[in-house]
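Below are two complexes that have chain A in common, paired first with chain B and then with chain C.
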Partner chain A sequence: MDVLQIVAIGLIATVLIVVVRSQRPELAVLLSVAAGVIIFLLVLGKISSIMDVIKELASSAGINMVYMGTILKIIGIAYIAEFGAQICRDAGEGTIASKIELAAKILIMVLAVPIVVAVLTMLIKLVP
Partner chain B sequence: MDAIRSLVQNIIIILILALFLEMFLPQGGLKKYVKMVMGLLVVIAVIQAIGTLVQWDYSSELSALTTEGDRMQVSEAIEAGKKMSGNQQQKAIEQYEGGIARQIIALTSLYQDTPVVDVDVRVQAGSDEPDFGQIKEIVLYVAQTGDTVPGEDGDNITLEQIKPVTINVENAAESGVEPAVETTEPPRDVVSGLVKTVAGFYSLEQQQVKVRYR
Partner chain C sequence: MVNGIDLIFKIAGVGILVAVLNTILKQAGKEEQGHIVTLAGLAIVFIWVIQLLALLFDQVKSVFKLF
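Moving on, here comes the complex of A and B:
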């Protein structure tokens, strides 16, 4: 059972972090990062199967994979930024976390600009 | 009716896909941004699906979101092009074979004692082959004596049996008269010469030129 492994890793990491944080707070952050990476690697194989389903759905709807790629990139950016920002908050660096989130928002907007421009142009043309 | 069915089907799939993707979104503050972009994508997909239905030209405003129609057109065009190309190639090969056959008949008309009535030319037709267009085999159909072959003016000409030819040199030398000549059948040396001529004219191996009697 993958979920048992993941929960076990999470609990062990939590206990270790709680124990270590009082003595060596810098190691607690590293442990937190390591636990997050291990959990992510455990579910990485499952994500690819979900991606296959999404691609199949998109192709059955006749959606161009360029758009799907944009959406998946945006979701990826959001996840990575959230992950990094939470680690920063755990380490007590809330300002850095907010900077990471700001960067992620800008990157998402950059990727969304072609879609936004396309919709705006189309709507303007629809208005007589 | 089919178009509306297809439109509804596409919109349903797009909405299910959007819901499916929404489950993936992180719980933090970035969720609303990703949702906004996904909403725009759904708007584009729906407008494009409707545009396809009413034959509205949206391509100038929007790069193709749905590519199924374009892909079908391109594949159909490629398929039609391949078919046309194959037909043209087949016709070209047939004309080439016919032209060579006529050339061979004209060339072999010099051989009066082995009248060639028909020629079958086989050319390498596979365009993928390295020797595409080269002559694979030539079959000469030679009329046997006693047969009738069409003459130049449309009349049939009956080929007469040639009498065997024997050359008696010794007796002729003794008596001092010219040697008597008798014909033999079939004239293998003449056929061999015919094969050599055709093979040499088209730079072929002699095995590629075959003679069959009719």
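Moving on, here comes the complex of A and C:
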């Protein structure tokens, strides 16, 4: 019954944030950060077990683990960047949120370069 | 995760306490002490949240193999 726990945490946090925001908006931001982190920590264990299953499937399908690792890293970067950007946007700082997203895109591109190079070299080999 | 919901209550409690103290100090004509109380509350909560964020980043790093 993890869903009930998560919904309860969300509702309690929402009510407390609404109470605090009218007096102290800066503490309301920190409260929403804490609520988000706690909810994510509750589901992170489940994500890690899903990741183990995916890795097992990939290794049994004979996929190179370098590519799987890259994909996992990209998912992690995307999640963390999204988390930070959402919080910044919530607090009314859309500019910083956009910068975080841009930085995350660049980092993801850097990680994806080896895969793109591999695909391109394979294509060049295929084309006579 | 009893620790988790505990932290949310702690932060909300600090927020309400700081707001009340601020109002009282303002009524007593001690505006600058009200500011100091606000700043102290913010610092305390910030330390808690930073520790929680460090925990989150460590867990995400270990799950997604980000190094």
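Some points to look at:
Basically, the second predicted complex is superposed on the first by the 128 of 128 C-alpha atoms of A that agree within 3 Å, B and C clash if a C-alpha of one lies under 4 Å from a C-alpha of the other, contacts with A are read in each partner's own complex, and residues count from 1 in each chain.
By definition in this document, a contact is a pair of C-beta atoms (placed from the backbone, for glycine too) under 8 Å apart; a residue touches a chain by one contact, two chains touch by 3 or more.
The structure displayed is predicted, hence computed values, not measured ones.
After overlaying the two complexes on the shared chain, residue contacts for A:Gln23 are found with chain C alone; chain B is out of touch. Of the two partner chains placed by the overlay, chain B and chain C both lie in contact with A:Tyr79. Of the two partner chains placed by superposition, only chain C is touched by A:Gly69; chain B is not. When the two complexes are overlaid on their common chain A, residue A:Ile106 makes contact with neither chain B nor chain C.
In the superposed model, A:Leu44 makes contact with chain C only, not with chain B. In the superposition on chain A, A:Ala118 makes contact with chain B only, not with chain C.
Applying the stated contact rule after C-alpha superposition, one finds that A:Val7 touches neither chain B nor chain C. In the superposition on chain A, A:Val33 makes contact with chain C only, not with chain B. Of the two partner chains placed by the overlay, only chain B lies in contact with A:Ala58; chain C stays clear of it. On chain A, the patch touched by chain B and the patch touched by chain C overlap at residues 75, 79. If you check the complex, the residues on chain C that touch chain A are 1, 4-5, 7-9, 11-12, 14-16, 18-19, 22, 38, 41-42, 45-46, 48-49, 52-53, 55-57, 59-66. Residues 5, 9, 12-13, 16-17, 19-20, 23-24, 26-28, 30-31, 33-35, 37-38, 40-42, 44, 47-48, 51, 69, 72-73, 75-77, 79-80 of chain A are the ones touching chain C in the complex. Against chain B, the residues of chain A that register as touching in their complex are 50, 53-54, 57-58, 60-64, 66-67, 70-71, 74-75, 78-79, 81-82, 85-86, 101, 104-105, 108-109, 111-112, 114-116, 118-119, 121-122, 125.
Chain B meets chain A in the complex at residues 10, 13-14, 16-17, 20-21, 24-31, 33-34, 36-38, 40-41, 43-45, 47, 58, 61-69.
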